[in-house]
Structures are given as C-alpha cells and as structure tokens.
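Each in structure tokens, the structures are laid out below.
Here chain A shows up in two complexes: once beside chain B, once beside chain C.
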Partner chain A sequence: MAWDLDALIEKAQRRELLPENTIRELCNKAKELLLSEDNVRHVQAPVTVVGDVHGQFYDVLEIFRIGGQCPDTNYVFLGDYVDRGYYSVETITLLLCLKVRYPDRVTLVRGNHECRAVTQVYGFYNECCEKYKGGLVWSYFTDVFDYLVLAVVISDTILCIHGGLSPSLHTLDQIRVIDRFREIPHDGPMADLVWSDPQQVDGDEISGFTLSPRGAGYIFGEDVTRHFLEINGFGHICRAHQLCMEGYQILFDDMLSTVWSAPNYCYRVGNMASLLEIGPGLERYFNVFAACPDDQRTSDPQGGEVSFKALVQELLMEEDERKSKDFQKSYDSYSQNVALDVQDTGIVTNFRTSKTLSQYFI
Partner chain B sequence: MSATAAPRHRLFADGPTKGIAIGDWQIATTKRPICNSAELDRVAEWISIPLPEMLFGNNELVVAHRSGVSVVFNAVEALALVDDTPESADKTKVAASAQWTRTSVKTHGSIHKVVRPYDWTYTTEYCGTVSQRGGSPEGESQDRAVAIQMQPSEVGINIQRLIAPEPILFYDELVLFEDELADNGAAVLSLRMRVMPSCFLVLQRFFLRVDNVLLRINDTRVFHEFGSDVLIREYTSREAPYESVKQSAAAAQDLSAMTDANWVSARLEQMGPPVVHRRESVVVGSSKS
Partner chain C sequence: MDRDDAVRSTNDDALVCKLSAATTGYLADPFVSVLLKRLPHRVAPIMHRGTYVRTAALDALVARFMGVAAAAGRRSQVVSLGAGSDTRFLLLKEGRRNPGLYVEIDFPQITSKKAMALARGRTTKPLLGDFQVGAGGAEIIAQDYWLLAGDLRNFASEILPRLVRMGLQPSEPTLFLSECVMIYLDPTVSDAIVAAAASEFSAPFFVTYEQILPDDAFGRVMISNLKARNIELPGIFAHPTLHSQVERYMSAGFTVARAIDINEVWDKHISLEEKARLARLEIFDEVEEWVLLSRHYCISWTAKVSDGSGLSQELALRGWLSSD
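And now, the complex of A and B:
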C-alpha cells in the first residue's frame, strides 16, 4: 500500500480507524522523527498552545476549526491526549498523522497519561483492545509515548510543560540531559515535570516546594516560579494538567498559566476549554470555547450499538448477581425490555437497556 | 403494606430543576455545571480544605414533606464533614508514596512540609441535611427551617418493596463532587433516586478508589413507603484493600471493573459486614389527602 499521509489524515479526521499495520508504520515514523527532537523543543511565535484533550475527538476537531488547520497554525500540544474520553485511539491517531506530516508545525509534549501504567487504569488500554484485537496497537502507541518531548520554549521566553516544576530542575540544561526515552518513572525530575501542580496560597505560608498531602508529588509556589524564570531568563510558564471551569487559569501575578482544552470534560462537567494563542509579539490570548455542538458529533458509544450476543452475555452476568440478591423478577422485566429492542439485524441499542438497568438500583 | 394505587402525582420541570409532586411529597433535583471560580471563592469562605476538582456546588436533591420535614443533599455540607485535622492527610497515602518519599527524603530532604493537610480522599459521612420547617403546613415561606435529628430505628428499608417490579414514575441522578485524586483514583459523591407508585428511594453514594490501595463506599439511603408515617434513613460504610477486591475482577488485566462503583459495591457486600451501619427514622405525620 502506498503511504499517502494526506489520505490517512482525511480518514483520521472522519474518525475512521486506520488498519493495524498502518498504525504500526505511523508509530515507527513518529518515533524516528521524535528521536531527533531534543527534550526541550524551541519554537517561534506565533503559536497556539493546547492543553489536555483526553480523547475528546470531536472537541479536537473543534480546536482545529477555532485555532486554524495544520499547517496554517503552528501547534504545541501539552499532553494528555488519551484516557477518559471515548476516542483516545482516534485522537492520538490524528495527532500522530499530523505530527508526521507537518513535523515542524506540530509539537507533542508528553503528559502523565502518555504512560503504560496510567493508560491501563484510565481507559486507553481497554479502548485499544476493544477497537483492535489484542493489545498490540496499545503497545505501538505507548512506545511512541516514550519518545515525546518534555518541554517547549517559545521564542526563548515562554516555557511550556505538562505539569510543573521540579526541585531537581533549576535550569533548562538540566531538563535537556534527562534520559527521556523510557516509561515515566514514579519519582525524579521527569515525573515531576508531568505530575506537579502549582498552588496559590495567601500570605507567605508556602515557600519553596512542599509535599502533596497524598504522599507523592510536589507542589510549587510563586517564589519557586519566579526563581526559575529569573535563572533561565524566561517571562512565563504555561502548563496544562488541571481542569479549570473557565478553560484557563492565571496564577502568580501572571507568571504562570494553566490551559485546559477538554470542554465539558468527560461529557458531563460543563466546563469551558481554551486555546492559548501566542501572537508574534508574544501577547497571550486565551481563546475560550465550549463543547462542540451535538450535531457535529456522531453518536457516542452510550447511544451506540452492540451485538445482541454481547448484550445477552452482559445480562447473564447481571442475572447471577441479581439472583444472589433475589432480584429475579426485576431481571425478567429487563430482559423483556431488551427483547423488544431487537432489530432485524440482531442489533440492539445498549443505551436503553443499560439505562433501564441502572434505574433499578437498590 | 399491600399495594395500593399510586398517590396522585405530577412531574414538573423548571430550568435546571425537575421533580415530582406525589401525595404529600415533593422531590426535586437541580443540576448545573461545576462551580466557576467566583463561586469557588465563595465556597472557600466556608470550606477550608482545597476543594475537589469538580465541585457541583449548585446541584441539589431535595425531598420535602408537606409537614415541613425535608432532607436536602448538597456538596458544601458534605465537604464540611471532611477531616482537616493535622493528622488527616496521613490516614491514606497513594500507592507510590513509600518509594516516592524515600527518594524525596534522599534527594530533597529539606522538603518535608505539607501545606494545609486534609483528608485528600474527601471521605465524608454526610448523609443529608434534615430539617423541619415550623408553622402550619400551609404556612409557606415565612417559616424558618431548623435542623432536626433523626432517631435510631429498628425498622430498616423494605427491600421486598424495592425489588417488586414497579414502574418508575421519576428517576434522576446527579453528582455533588468528584476528584480524580491527581490520577491516583477517584472520589465521587453522587445521588440517584427513583419514585415508584408505592415508595421512593434516594441513594447517596460516596465512592473512593485509591489505585492499588483501597476501596471505600459510604451509602446513605432515604426511603419512604407511601401511607406510612416515617421517613427511613440507612447509612452503611464499607471498605476493603484494593488487592482483595481486584482478585475477584474477572479478567486480571482489565481493571475497568474497579472504576465501576456498582460492581465494587456488590463485591464489598459479599466480603463481609459493613464497618458502620446505622438505621434512623423521622416521623413525618400521617396526614393523608
């Protein structure tokens, strides 16, 4: 098969799954490309910075409608492409296609979800297994994740990272020498870059780094941020990683901002999202947007279709549980409901049945 | 106890609020997006702990009886019960904590402070705000609601009533708060309710999953059979180590069941008696229309 990237991009934009072999080749090309990129990538303004998108494919399409298509607009994505949304596979496929097609106009930073351990808990692994047989596609994608860059510097002035600062990292050079081609470790500077959070506290309660009450991870304050900017001659830090109702948040006297690009997060939070558009003179503008209108989405999985066989399987499992609680009668009423939904094709809608089931909670 | 015709009822909807008026009861839910930063600032004046990532502070579930008794569920009251003592953050630590802390102590020994410790799992024993509006049933708005206590009860929820097949006249669900614990699990406080011709049930569930550490479910059920004069509340708290629940997950590599509160709840029930189990009730008067 001829390698026609533009055709693949068009497919990916239509949310079509690419064949497994194509994914493998795409991932190999992406790795080859990323291998030549430094841990810290330098790009010039004007540029548009995108925060977490978490598999919300239709909102990613909306981002390109609002922010401009590739390669007209220069993009920096700050990570967390996968997990939680319904279309992590389609989202990362599209972004990798664009990266391979326009390597100088698309920069992909690694987020804490671009990680084998995290994707096994938060959905991407399961999604890969559902959309492709076996776990191979997941291993292709997660191998690419090991190559994603850790930081971006825009016009020598604005540092972009996924999470935040690390007590082990005082200078940009220290980020440059991290051995990044690996799974994200539990601790150390690479973990801090994708995991840590800023915290604004009134007064001088916070000084330097502090510990997260959860027992892992650092929290950094205003003084640490100022210090890092001064040492490295930067003016601003832009990061993602934390949900904001307004789509962005500006902290520490405008030294740091959070950009969040997944509107109506998990399809129910009702939050706004934004793109950070950095102009030629480094002026920053948060272009705020809401979830893309429903008529521009095809049906989401909960309204989607499953095979009748799979549904019966599911109901049989339900039955076991319900029997043990003596719920046989209510089960019968559900199964009737299912039977009525059967089409000639042997397909039923999952939505109606699962909703009916969940209504009969005890 | 015998099944009788459903009390007169009427569904209503008004913007973000919808509900049902049935017999002497009004039951309504209000659903809005998470709080914006101005609203968060207002909540922060009441609640000293860092607020959960998704705070649905404008969401509410109200169960109100004609006699003036009501039970309200809202996020702010629930958060007010989260432990914020100095030791609170030490009760539970994420799975990576031991190794992470060893490295941190070694490489950054001077960083040892936790600013504002609190129970970051957001565990709450909140089981609704019960109050009584004074005056006559028709007295309306001038009467102030005062907090009242439910009394310990011998009688619990009538499970037989709940498993009998009955049409659902009104069903709704909503979330009060949710936090992803910085990708170390989830803490969710949510509500579901259903109203049938013979009774209604509200289930408020606090579901906590700390990956590779612990699962916890605090359930509050509020139940009433039409025709009876009491409103019953049952509270149970269950928890188990993550590993022991995971062992019963069907496929070893598919951990998605662990994120399903219903699945986890069924497992915890099988694993033994609850840590806490309380039955309470309040008399709502037997006025029958």
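And now, the complex of A and C:
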C-alpha cells in the first residue's frame, strides 16, 4: 500500500482499522519525529488543550467537531489516549496519524496509561490482541509511548503535564534532563509527573507533598504550586488525570486547573467533559461538552447487503487491500457479538452489544 | 430477551466477577470454578474490589448472625433469596461453620444448572452429604442444605408455607439474605417479603445488598445503561437512600436496623492489612470511579429481637460489622 497519510487519516476517522504493517510504519515515523522533540516542548498560543480521552473514539471525533479540525486548530493532548474505552486502538491510531501528518500542529504528552504495565490491566493490551490477533501491535504502540514528551509550555507561561508536580523537580531544566525514552518507572520524577494529583478542595489543607492513594506519585498543595510557578516564571499549570464531573476544575486561586475530556466516562459516570481553549492573549476558556449522541455512534462501516457490483470490485481488488478488508470483517463481527458462554457448553447467551458487561454489580 | 431472562442474566455477570476475583487472588473460593469453567472476558480491578468488599461484608454479617444464635444456644437458619451461583454455603460447610439449615431459592432455570454442577462436582458433592435431587433435577434437598426452585413473587403465598412444611422453624433465629435481588422486584412484592419475614418469624434477621441513589448523574446513567439490557430496578425508586433502607425494615415491624454504603464498608471495616494485600494483587487506578460507584451501593441489615428471646438486642445491632 502506498504511503498516503491523508488516506490513512480518512480511514482512521471512519474507524477502520489499519493493517498491522501500516501500524508498524506509522509508529516508526512517529518515533523518528518524537526523538527530536525535547522532554519539554514549547508551543505558542492560540492552542487547545485536551485532557484524558481513554479510547472514547466517538467523543474524540466530537472534540474535533467542537474544537476545530486539524490543522486549523493547534492541539496539545495531555495523555491517557488508551484503556477503559472500547476504541483505544482507533483513538491512538488517529492521533498518531495526525501527529505525523501535522507535527507542528499536534503535541502528544505522555499520560500514566501510556505504559506497558497499566495497559495490560486496563484494556488496551486486550483490545490490541482482539483486533489484531496477537500482541505485536500493542508492542508497536507501547514503544511509541516511550517517546512521548513529558511536558508542554505554552507561550512561556502555562505549563502542561498529565498528572502533577514532583518533590524531585523544582525547575523546568530538571524535567529537561530526565531520560524519558523508557517505560514509566514506579517512582521518581518521571512517575510523579504522570501520577501526581493536586490536593482536593474538600481535603484537609496540606503543605508540601504527601503520599497518593493511587500508589504512585504524590498529592501536592497550594504552597508547592505557588513556589513552582514563581521559581519558573509561569502563570498557570494545566493538567488532566483526574475525573471532573463538570469537565474541568479550577484550584488554588486559579494557579492550577484540571481539564477532563472523556464525557460519560467509561459509559457509566455521566460526567461532562471540556477542552481548554487558550486564546492568542492567553485567555483561558473551558469549552464544556457532553457525550457524543448515541445515534452518531455507528457500529458497522460495511453496512448490510453486498451487491453484485461490490462483489466484483472485491475480486478486482489488490492483494493488500483485500487483506485489510478481510480483517475488517473479523473485527466488526467481534464488536457486534459480545457473547457469553458462561456454562462453557458451546451455547452462548447473546446480549445486545452491551455497555454494561461487568460495569455494575447486578 | 424478556424481563425475567434479563434478571436471570445478572447472575452470569456476578458469577464472572466472582470467578475473576477468585483467580486474581482477592477471594479464596475453590467452588466458583465448579459453576463457571472459564472467564469470557476480563474484569476490571474496580469490579474485583467491589466483589471482594460485598462478599466480605455479607460474610461478616452472616457470621455475626450465627454467633448471636449460637451464643443463645439456638439453631441458626439462613434463607438466601435469589441466591444464583452463590457459593457461601459451600464455603461455610467446608469450614464447618455452616448454620443448622441453609436454604437457597432461585428460578428453576438457575437452580437446575446449579444442582447439576453441585451434585456432580468432585469437590462439592461430598459437602452435600446425603441428598435427594427433586423437581426434575431443579432442586437439591440435603439435611442442612436446600436448593429450591421458586419465583419470589410468590414468596409469601407459596414459598414460605412450603419451607415451613419442609421443616424451616419460624421460632428459630432466621437470616434472610437479598444480594441484588429485591431491587428487581416490584416494591409491593419486596415489601411483602420483608413483612412476611418480620411477622411469621420470632427472631428474623434480614440483610440486603443493593443499589441506591437513582437521581444523580451516575444513577441516571446506570439506570439507562441497565435498561438497554432490559434490566429494570423498580426497587431503587422505592428505597433510594440509606435512610429509606432503614425505614423499609422498621415500618415492617423490625426493631433495629442500619444501612451504610460501600464506601463506609471499605473505609471503616476493611483492615489495613487486607487493603495492603489487595494492593499487591494488581494496579488500581480508579480511585474517583470507585468512590462514585460505591456511593451507589449499600448494605442494610436489621433484626427483630424481642425480650425473652434469649438474643441480645444490642449484640444483634452493635456487634454486626464491628471488630469485637
């Protein structure tokens, strides 16, 4: 297949899976690009900052509808592209295509889910194995994750990271010297950047850093935040990582904000989501939105009946294209038949493609 | 899929979560694999933790109930409504901590599968002792364990009289268990069950685990998601809060009642050692969702203890779910 990024993007937007060797090629090109990017990437406003999306592909399309298509709008994504949602593969594929196509208009920051350990527990690994019949594609993607940047600074004023601050990091330069090209470690400054949380409004006021209930990273308070901003000459920190029912949260007298971009998270939480739109004068606006309406979440790009004409066309198709169509079929049939063979007798109980399979206690 | 089928399908979900929690190490349960051979899909850590917490809480309440009965020198009886694929009796029997009588009731479609599995399982059959299979393979009747087919909509009119005829003693301490069961019933039916337990028994106890809080964003989405699977929760609107859970028992004639949500169970009643043990099993990155989900599930328990019954009212209430 000739390498045509625009064609790939179009396919990705239709939620068609790209063939395995295309994914490998895409990941290689992404790594080449990202290798030359600093741990801390500098971009200029205007720019739109996007929080966790967690494989909610249709809501990502909604984000582009609301925030503007690439490359018209400049985007910074703050990580957590995969896990939890049903379409992590399609989501990360689309975002990597856009990054490779418009490298100066898309920035991808690493989240705590962009690592091998977490994706094996929270769904991305399983999804890759189901959709690509094996773990190779997962390894291509997780290799790219090792290359994602750790932080973004917008117009020398707004620092963007996935999680939060670290007791080991007082200055931007300390972030710059981290060796990021590796799996996220269990602790240390790189882990803290993707796992930490600011202390919540209804918690007891803390000073400095305390241990996080997540088991990695820290909880940090207002004093630490103020100190970091002053030392580095920043005006604001924007991060993601924490679910916000209203789509965003502003803390510490507007020194820090959380942007959350996965509406009705896990198809269960019923929350709003938002995009942080930063204007040319660094004005900050949270554009709040709800989940993509159900009737726009189509399941089947191939439609129902196959006409004779289509059959003939299929016969005349090139080998590569035919292969990709075949495996598109098996992917669709997986997503449409969530079958439960609870008695292991070969008799399956068919649920309608269910959003609630083991999501509630019932 | 009709309504009853949809309700029966909830047992499949619970069974998958239970098996996954057991194989991951949250729960020690060698019997659940007799009922389900392999996992059809992955189960998230949040569901493992929730399965662990609900099992721990109900186990503690059942154990406490039996302790109260034993302290008074009385025979204890447990009636598990809509028991589904629950393995509690097997675990108790294996540990020789089972009550005088343990009764499980569910739809015949469910009891027949369970009866077959238990009667033939290499590890389960010995625990039944001498038993008979009845109702065309849908029931097991052993000396201390009855697996019976029935429709809870006929609890007061048919099931309860039958149990009494078979030998359930209304004068002995009896615990009724509803683990995500009454919520599926019309409130008039579930009220009738609670009322029958209160009025027909001298020393009735009742324990319920089910959903609450239908009116916030999470609750509304939950109800709509379940509706997409044809599962309705009529009980959640009748008893939507912890307070109304307590009320449902008190107004039926019980004398003491309490209700707490799963957050409170996790925060106050699971030891630090246990929490540390669970933390070592797998990564848990769902803290906010856990709190939200757990807010929507409650454990409520109640007793009707009259003076002269030999059962301490205070012990019945205070002793449940505390460490003493």
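As a convention for this text, the second predicted complex is superposed on the first by the 289 of 362 C-alpha atoms of A that agree within 3 Å, B and C clash if a C-alpha of one lies under 4 Å from a C-alpha of the other, contacts with A are read in each partner's own complex, and residues count from 1 in each chain.
We take it that a residue touches a chain if its C-beta (ideal position, glycine included) is under 8 Å from a C-beta of that chain, and two chains touch if they have at least 3 such contacts.
Just so it is clear, the structure is predicted and the values come from calculations on it, not from any experiment.
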* For A:Gln242, select first, second, both or neither according to whether it touches chain B, chain C, the two together, or no partner. => both
- May I ask you to decide whether A:Ile278 touches chain B, chain C, both, or neither, giving the answer as first, second, both or neither? neither
| said: Just checking: does A:Asp187 make contact with chain B only, chain C only, both, or neither of them? Give me first, second, both or neither. | reply: first
- Is A:Val49 in contact with chain B, with chain C, with both, or with neither (first, second, both, neither)? neither
Per the contact definition in the header, classify A:Pro167: touching chain B only (first), chain C only (second), both, or neither. first
Output check: A:Val121 vs chain B and chain C. Expected answer is one of first, second, both, neither. What do you get? both
- prompt: Looking at the overlay, what does A:Phe361 touch: chain B (first), chain C (second), both, or neither?
  reply: both
Practice problem: Pick one for A:Tyr267: touches chain B only (first), chain C only (second), both, or neither. | Solution: second
Winner on chain A touched-residue count between chain B and chain C: chain B
After the superposition on A, what does A:Gly215 contact: first (chain B), second (chain C), both or neither? both
Residue overlap on chain A between the chain B interface and the chain C interface 112-113, 118, 121-123, 126, 213-215, 242-243, 245, 265, 268-271, 358-362
Note: in the complex, chain A contacts chain B through residues 112-113, 118, 120-123, 125-126, 167-168, 186-188, 195, 197, 199, 201, 205-206, 208-219, 242-246, 249, 265, 268-271, 321, 325-327, 329-330, 332-333, 358-362
In the complex, the residues of chain B that touch chain A are 32-37, 40, 50, 53-54, 89, 93-94, 96-97, 99-101, 103-104, 107-108, 110-118, 120, 159, 162-165, 168, 171, 173, 175, 181-184, 192, 194, 201, 203, 211, 253-256, 258-259, 262, 266
Within the complex, chain C is touched by chain A residues 112-113, 117-118, 121-123, 126, 213-215, 242-243, 245, 264-271, 338-344, 349, 351-352, 354-362
So, in the complex, the side of chain C touching chain A is made of residues 9-10, 12-17, 36-38, 40-45, 47, 50-51, 54, 113, 180, 211, 216-218, 220-222, 225-226, 228-229, 231, 279, 282-285, 287-289, 292-293, 297
